[in-house]
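The two complexes that follow have chain A in common; it is paired with chain B in the first and with chain C in the second.
On to the complex of A and B.
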């Protein structure tokens, strides 16, 4: 087997077209990885500058009272992860700016995709585009040719006569082609490591390793499948047609069809319905700005009893601060109910979609690729929850200060800016277990099928 | 006659080749599915619009009844402020043929005196972001991206098969010119695909009664489609002529597809992103927050002068007169100043977006796919500019609404039936009962 493998590699190295293509791939990978990093760093810088700009504004502004500052609010700018340079995931589709203010939980705004004409349906030229679309196709053609050529030229018979077993020949071919995929993956990873050395930590390294494993499993699946089909089909063109059709189904059709179907199984409300329902629930609570509100009067009474006084003017604290916080807390329950339902619907959609990995390993790969890069929906929802937590904390601090009085500039300046803590991948690993299991299953099943078929196939 | 025989032979070959027939049927099924999706999105948008209009209609009817019962003229600002104003972008009847960027933007907007075109409610409908990344099975996507793949599957073994089995010479003996023979066989598939796609275009046009109302757009779509298919056919035909063996032909065809449909657009996308990184819109955020709060802090005199600068005719209104100046009322109309500030910052954003688009357009000569998809989307009114036009409509409504409110407030205008009718007409609120 070792000899066949070395021989295969020698054959590749002697093939001028292969060498040119390999060089093109290595060069493109270098360029896309490097440019991806440059673009990512630019974006990280822009995000940092925007956040600093807003923070500076807060520090410099002449705060009236804390409630005015709650209305003035702040902004959270969605940060970009280091591995965004490999796979951008949903980042260009979702908004990047979140307004954090009193009385309401907002949605992210200003997505990159809405800021220009359409350019590419398959995303930017990032390593993920090469890994998911171009390298697999290259591997398909290499695998297809590698077996059918031996068979069509009669060389396969010669090898078998010399004593090699069909199983060993086929697996040597699979491994030799798989190694090409691995070399390309490792190359891109090394570039990533070299140019991002200063931003690396254990978590990023772990993510990179898992990303590498996911893609290598996917390549193994593709190579096995292509070889399997070329062994099954007597006509090499039939085998190639079917492989290309399967590939197109996996990467283009199925993700879209299943995505649409999932949205029909777990439908989301329209924005109007969502807003109306929230407004309805919100209207049943305390309205901090409406003096004729009954619930406000009940709170007034409860506060007077608590402090043992007869009128608001006798209170040792500012009643408006208490009122605003009560309003806020009621609002928080409403947001939790509605946004909570929405987020759980989105997660259910994602979970159902992940099951499509049973018929489409590309779905599992895509999920793992975005997940390890920190650019998928789980990470997005985590950002939103952290921003909302910050908002609630900010507004509570402001309302409490309004209640207690004695605020000055140092109080406002002591309020910390929003800081997003990138979650450790271990926190999320449970969400991707299904993807990992399905990719591994596909690999194992296909290896067994190839093994079985190579035993059953009679050449001589 | 010989040419016709080859053409008919190709039809028989196609008919008897299950792999090709199945692939073609998958494409047809995908077209049906994509059109169903398009109709579904169109219906969803229409239903949402109907529910929004219903809400407005209820309030309009309420006010209409109110006119019959009142004794004295009510305050215009108060009554008209009760009626919700919406700007709506109704879906084009050709939307099922191309969803384009429709899922990236909102299509309805409630107009208040504090509105702007980059408000939170201008964002897209609620959707799973990962689904949006993968996109929809959109008809235009099928045509622009998958039709060339189908063409590859249908044609890669023309001549390649004969070369694989070494009887190409037989063809030249029997037929003569190999390029001509390839051309005729190739044309069969080109025509098959054109007819198939045309069928779907006419189907959508007929179902949505758009054949005559959108005659120009449909004609342009067809022209674009034919040009596109012929361009790819030319490349593939050339590759068949210059390659040897079906796998080499398939490999080169797929590579050409990858370069044109994935690599070039992806590279341009990356370059554009580097030149114009994501806009965090800090100018707009400043206008919307910091500068707005600065306006709130201005003394009433300054606000008064600023408002007169925006609307010189305000000077002749009741509360502009020195003996009538009402500070509270003046401060209540600061939104007009904020609107002007917002407009300045939004213009900057639009300019930057436009520069970005200029860069994209400059790439069209080597990135034909981006040209094709944006052109296609422009005919189905789902491209960036269709939504920019919508944003301009929103801004127009905002301006009109603010001007109306400011004048009604400063002049303490009482509502008349004529004024009310004019209001309904201006904001497109004349619903048919």
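On to the complex of A and C.
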């Protein structure tokens, strides 16, 4: 096997076209990875500066009362992960800045897709684009005639007569082409490691390793499938055509078809419907700014009883602070109800979509690629819930201070900025187990099929 | 050395070989003549182990009556397609390593020279080789692994007269070392020149066997054409 492998690599290295293509790929990978890192670092720096600016603005501003500050609010920045430079996932669509204020929960703003030119909405040149679309095609083209060439030239008989088994010949070819994919993956990984050395931690390393394993498995599946089809079919063009058709199904049609089906199974409300429903429920709550509101009057009564006084002016605390917090808590309940349902619908959609990996390993790969890069929906929802938690805490602090009175600049300055705790990958690994299992299953089944076929194939 | 006993082989109800009995002894070159579809390649594929006979047996036994493993067979196809990105020596080295033989560069060159490939061609890319040169490397591959049985499929096809003659001489030299050689061909003249024994195969039947030195080329042509027409 070792000799066949070495010979295959000699063939690659002495092939001028292959070497030119390999150089192009390595150069493209270097460029996309490096530019991705530069862009990432710029984004991290821009976020840092924006955060500092907001912090400074908060510290220097004349706050008036805490409720005014609640209206002024703050911002939560979704930090760009180091691996965002490999796969930006849904980040370019979802945006990365969230305005946090009293009375309302806002949507994330400033998605790149909403700000960039139309052309870049089709996807930026990230290594994931090369890993998922270009390199697989390259590997398919290297694989499709790797076996048939030996068979059609009669060299296969010579190899067998010399004592090499068909199984060894086929697997050597699979491994030799797979190694090319691995070299390209490792190259991009090394670039990441070199240029991000100062930002690396165990969690990122672990993510990077899983990213490598995922792509390696996917390449193994593709190469196995291509060679399997070339063993089955007499014509190498037939095998190539079928492989390309399957690949296009995997990367273009099935994701759309399955995506649409999932949306039909678990439909999401439209933005307008969702907002209408939210507004309807919200309107039934306390209107903190409307003195004739029934609920407000109920709260007034309850507060007067609690403090044992007859009028609001006798209260030792500011009733407006209590009122605003009550309004806030009602709003939180409404938000929890609606967004809770929406999040669980999104999670159900994602879970169902993950099962499509049974027929489409590309779906599992994409899920793992975005997941390990920390740019998928799970990570986005995690950011949103942390930001919301911070918002609630911030508004509560301000409302309570308004209730109790006696605030000064030091109180406002003591309020901490939003810090996003990036979830450790171990927290999330469970959500990707299905993808890992399905990719591994695809690999094992195809290896088994190739092994079986190599025993059954008649050489003539 | 090569013994085929009552071998039958059919493909989709078509009889490719019908009760074929063949015996190629050590030191003998056997020429199997026949038209396209006569069963020559099927015979070779059966001996090589790529096909299994429906009935009958195929035995490869050496002088001491022990079985010869299939990896002791040297096979030279009509077109020896070597790896074009390797030189003659590299090709030989690669195929030898597959059979478990590891030779030095000098030894490899010696094998190529013994098989008639000029010294200056050894390190040239095989892509620059003529068909005859590739065939010499093919024979060297079998020779280097110390093959006891050589199977050649249309070895002289497409060779110029000089290369064809060189091939004959080389095969005779190999037979002199005790190897058994079975050569399937259309080329009556070359078979007559090279082989000790000749068999004519028609529709899977071995219809005639003769010693090569008992017939002149003209007689052989007459016999062959007579059988083919009837």
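Just so it is clear, the second predicted complex is superposed on the first by the 456 of 460 C-alpha atoms of A that agree within 3 Å, B and C clash if a C-alpha of one lies under 4 Å from a C-alpha of the other, contacts with A are read in each partner's own complex, and residues count from 1 in each chain.
By definition in this document, a contact is a pair of C-beta atoms (placed from the backbone, for glycine too) under 8 Å apart; a residue touches a chain by one contact, two chains touch by 3 or more.
All values reported here derive from a predicted model rather than from experimental measurement.
Asks: Figure out whether A:77 sits in contact with chain B (first) or chain C (second), or with both, or with neither.
Replies: First partner only.
Asks: Once the structures are superposed on A, label A:50 by its partner contacts, choosing first (chain B), second (chain C), both or neither.
Replies: It touches chain B, and chain C stays clear.
Asks: If we overlay the two complexes on their shared chain A, which of chain B and chain C does A:3 touch? Say first, second, both or neither.
Replies: A:3 sits against chain C, while chain B stays out of touch.
Asks: Have a look and say if chain B or chain C is in touch with more residues of chain A.
Replies: Touching more residues of chain A than the other partner does is B.
Asks: Kindly classify A:159 by the partners it touches after superposition: chain B alone (first), chain C alone (second), both, or neither?
Replies: second
Asks: Return first, second, both or neither, reflecting whether A:456 touches chain B, chain C, both chains, or no partner chain.
Replies: It touches nothing on chain B or chain C.
Asks: Pick one for A:14: touches chain B only (first), chain C only (second), both, or neither.
Replies: Only chain C is touched by A:14; chain B is not.
Asks: Can you tell me which positions in chain A touch chain B when the two form their complex?
Replies: Residues 32, 35-36, 38-39, 42-43, 46-47, 50, 53-54, 57, 61-62, 72-73, 75, 77, 89-90, 93-97, 99, 106-126, 129, 133-134, 137, 141, 144-145, 148, 236-238, 240-242, 244-245, 248, 252-253, 255-257, 259-260, 262-263, 268-272, 274-275, 342, 346, 349-350, 353, 370, 376-377, 380 of chain A touch chain B in their complex.
Asks: Over in the complex, which chain B residues touch chain A? Could you list them?
Replies: Contact set of chain B toward chain A: 19, 23, 26, 30, 33, 37, 44, 48, 51-52, 100-101, 104-106, 108, 118, 120-137, 141, 144-146, 149, 152-153, 156-157, 160-161, 164, 246-247, 250-251, 254, 258, 261-263, 265-270, 272-274, 276-282, 285-286, 289-290, 293, 297, 353, 356-357, 360-361, 367, 370, 373-374, 377, 383-385, 387.
Asks: Would you mind writing out the residues of chain A in touch with chain C in their complex?
Replies: Interface residues on the chain A side: 3-4, 7, 10-11, 14-15, 153-155, 157-164, 458-460.
Asks: Taking the complex as given, what residues does chain C use to touch chain A?
Replies: 45, 48, 50-51, 70-71, 73-75, 77-83, 85-86, 90, 94-95, 97-100, 138, 141, 145
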